[in-house]
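Common to both upcoming complexes is chain A, partnered first by chain B, then by chain C.
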Partner chain A sequence: MMTNPVGRITQGQFSYLPDLSDAEISLQIEYGLSKGYAWSVEYTDDPHPRNTYWEMFGLPMFDLKDAAGVMLELQYCRKAFPRHYIRLMAFDSTRGVESMVMSFIVNRPSGEPGFGLRRQEAPGRTIRYTVHSYATDRPEAERNP
Partner chain B sequence: MAAPLYQIPGQQAPSPGAPADAHAPVADRTGERTVAEVLVKSQAGAVIDDLERDLVGLAPVKSRIRDIAALLVIDKLRMNLGLQAHVPSLHMSFTGNPGTGKTTVALRMAEILHGLGFVRKGHLVAVTRDDLVGQYIGHTAPKTKEVLKKAMGGVLFIDEAYYLYRPENERDYGQEAIEILLQVMENQRDDLVVILAGYKDRMDAFFRSNPGLSSRIAHHLDFPDYPAGDLLRIADKMLEQQNYRFGPGARAAFEEYLVRRAPQPHFANARSVRNALDRARLRQASRLYADQDRVFTADDLSTIAESDIRASRVFEICAAH
Partner chain C sequence: MADTMVAKTIEKSVDSVISDVKKRYSAGVLKYRQMGYWDANYAPKDTDTLCLFRITPQDGVDPIEAAAAVAGESSTATWTVVWTDRLTACDSYRAKAYKVEPVPNSPGQYFAWVAYDIILFEEGSIANMTASLIGNVFSFKPLKAARLEDIRIPVAYVKTFKGPPTGLIVERERLDKFGRPLLGATTKPKLGLSGRNYGRVVYEGLKGGLDFMKDDENINSQPFMHWRDRYLNVMDAVNKASAATGEVKGSYLNVTAGTVEDMYERAEFARELGSVVIMVDLVVGWSTIQSMSNWCRKNDMILHMHRAGHGTYTRQKNHGISFRVIAKWLRLAGVDHLHTGTAVGKLEGDPMTVQGYYNVCRDSYTRQDLPRGLFFDQDWADLRKVMPVASGGIHAGQMHLLLDLFGDDVVLQFGGGTIGHPAGIQAGAVANRVALESLVKARNEGRDIRNEGPEILRRAAKTCSPLQQALDTWGEISFNYASTDTSDYAVTAAASN
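Right, the complex of A and B next:
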């Protein structure tokens, strides 16, 4: 069984926990800001684990002092993509680090169809396996009704 | 979300209204009960005293700020007893001629509001039209929102705010910035305080053409021009900060300078004082520079002589008439 028993994808931080409330999300953002991270909002409708780069919702937010700014952007994104996966990412610009250091999902579609295992016959009785995301079965405009 | 097939460890059955909103003011019955306690705990009293001591003149502004601070302290006490659940509207407009201390007071205001806990971070983001309004269609909204996000938790100071609205160009993007600003001023009242600043007459015209903006601003503060005596005291303070002082006769000369300079065009109160003192320091420096072989004492190097002030162009013009 490829899907996990809770029927929710588990990517990034806190994904084994119940969904974070807005107050809890602000506290996480506040922690990141206190470390000097730049937050950004990203969304996608394809939760395949190899789908590393999600669509950016606006630019990364540098020089913020308070979580309310990131929360405002998140509200805009939730309004625009209520049935997409939305995640918050924190970028650490410290020289030598310069990469994403926090990432967690803050919005999920109401139904998460999960993943299937695809088998492909290859020469010499070889079987090739790949993971398929059921969310992408339908054309892009018709997903997440 | 699909119903989980088993209980996630640590998860409780969802009860209505269980997650408390972190921003909602909660009745805190263990909090401060007297004005003195609030002032001590918030250090707003110290900031107000500093304001009183450091800023010369500005009596009407100071008394208004004291009133606002008093309201905030009392609101804080009320909140501690659970009497009031919403934050008062704190957006302000500062009107006055150039150099009357609008930016300086805005900085202090941010400290006071932060001390009393009405803004969470207490930083000041100072912007003008260029930072808010874009140059092509679709540029303004992201630009304005970026500035607003940076100012969240602090004070947004919009200098020369009337430039946002250009009635002569109906396709000007300034209107779009104003609309976004209005929306955030209304909806994020506890996240951000907006201070609009500018010259009195043009701000009045600006508010007349944007009544929505005017009605969302609770406090209109007018900064009066400084009388000559106050300007002289400002000059004293400025010189003291830079470790300079007036030599014999120089203070009287500077007073005369101010009296002659004030009626002339482009007089910018405290800013003109600073510029005049900077020019006097230039003249002092070249006067001392001419004495190549002299050994200077600290006294020589920190004294502005009467001649340094008298060399100003302002005295020449008056002598010619």
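Right, the complex of A and C next:
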């Protein structure tokens, strides 16, 4: 278990709360749809803080206006990648925004390997830091049997 | 009634412009309005800068003459007629006062609208614009007091500025944090900690759940902690917390120093150590701010602006500059974060007035909104948006009010409200993060957080003892004092007639 106060990766809007139920996830999706956002489902087994590009589970659902449809995509993704991190992201195409405006994790591996901090001593007292994702210690093909 | 009478007095007292050039330029002293600094029929151009001044003329000084004098002294005029004006297209260079109205419920005070031609200001220089607009005029003897209330900057001039080096949208993409306010805390005590102890506070706060920690405005490089020592310890804390949580974390490293050369040196070291953000104090001045903004653009750095010192000239309604004007200038000059008040905390701020500052930072197009103190429409011409920062005397028990007042695009900073938590700094951070996430979730679910907020927090605290302790410790604390800087916006008799 990770040693931070909630014992897990704390990315996204709701990592400090108990896991959201499917009904609660639906309410968040509906809120986003009411604002005109497009939802997408993404997954990864390497949640490094700077791993921006998780795998897209299909394209962003620009034309889907029904929370049930988004939930269905999520169920397919959970079925295909039960031990991966999965996040829901909402995109706002308004001029001047054109970016993600919501993002929260909806699936996690049962054990979260977390990260190590590697320090490389440099001149003076300077240290070069590398955050290392333990999940990537094994080749990709062997990580999720 | 009284306002109507004043307005009529204004009407009667107008002296007309002297159009005969021989008379106009004969040696001697003329009234400003006779020199062409007052034009009631002037139609402002789209390329004009418009300023609204609140002026208090000396007893016996006619308000229109006072307004014309403001226009004159903030553009070309000197106290006497000079023939060398005739070597210039002088009418272009004269600012023009074009409207004067009594300030509602403030005897002796007048709003004066003044227009400035675009030729008056050097492109991309706040230093130049401010040297004109606030250069001489605030010391001008015929006025008891003057305040620059608001400004409309024309798109043509806006486009000469690069604006925020990062902007709040790209900041969120870099940090991978969306759909909620960011959380921060200022490292305390602000003076006296050694580098090693300072880094401890940073680590605990970030690991507990905050996104940012912050140097205070007067942390530079004093005997108890030299700047390199601070940076090295802070960055160890930042990286360790990032590994412990899987989140991008940051700590605003204050690069303010005695010289600009020193500031560059500090900024370079912050970059070398991998910091995502640096900080400067407002007291460094406009040119330094614009230089640091350029540096941040070149180095992918977020620029945090601490508005140290602003209260000396923004707080009193009758004299100085409104913070909404400072915020507009800072967005042009190019900062990414700007302290804009909390409304509910320990520092000055009427809620509506403070919301006006937030709008100036975040709008694509700011609409006139008199209750919020915004007198002009302002087209920002796609200039990037500034992330406002609410900091000073706020705690988890006020989270619903803060989220309701300011929305998602804000950094909420709880210094004492994190570090002073009875169970420690990490517990303080957890309390704030749980309070925030509970309320964002509830708001998105359609709950009325302004009214149901306390109940939502109590419920969340049942499964989070740090939040319960925070509510027990600070739940009742509020700072209810009358604000000194509120908006005077009632429609005047003169305007409504």
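Observations on the model:
Keep this in mind: the second predicted complex is superposed on the first by the 133 of 145 C-alpha atoms of A that agree within 3 Å, B and C clash if a C-alpha of one lies under 4 Å from a C-alpha of the other, contacts with A are read in each partner's own complex, and residues count from 1 in each chain.
Quick note on the criterion: a residue touches a chain if its C-beta (ideal position, glycine included) is under 8 Å from a C-beta of that chain, and two chains touch if they have at least 3 such contacts.
Please read these numbers as outputs of a predicted model, since none were measured by experiment.
Once the two complexes are overlaid on the shared chain, A:G7 sits against chain B while remaining clear of chain C.
When the two complexes are overlaid on their common chain A, residue A:R108 makes contact with chain B while staying clear of chain C. By the document's definition of touching, of the two partners only chain B reaches A:D63; chain C does not. When the two structures are aligned on the shared chain, A:L27 is found in touch with chain B and with chain C. For chain A, the partner with contacts to more residues, out of chain B and chain C, is C.
By the document's definition of touching, neither partner reaches A:V41: not chain B, not chain C. In the superposition on chain A, A:G96 makes contact with chain C only, while chain B stays out of contact range.
By the touch criterion defined above, A:Y16 lies against chain B and chain C together after alignment on the C-alpha atoms of chain A.
When the two complexes are superposed on chain A, the residues of chain A that touch both chain B and chain C are 5-6, 16-18, 24, 27.
Chain contact summary for the complex, chain A toward chain B: residues 5-8, 16-19, 21-24, 26-27, 58-59, 61, 63-70, 72-73, 108, 110-112. Residues 1-6, 8, 10-11, 19-23, 120-121, 123, 142, 145-146, 148-150, 152-154, 184, 188, 191-192 of chain B touch chain A in their complex.
Every residue of chain A that touches chain C in the complex is listed here, in rising order: 2-6, 9-11, 13-18, 20, 24, 27-28, 31, 47-50, 52, 89-90, 95-104, 114-117, 125-129, 131-132.
Across the interface of their complex, chain A is touched by residues 169, 172-173, 176, 178-180, 207-209, 228, 232, 235-236, 239-240, 242-248, 272-274, 364, 382, 385, 408, 426-427, 429-430, 433-434, 437-438, 440-441, 444-446, 460, 463, 466 of chain C.
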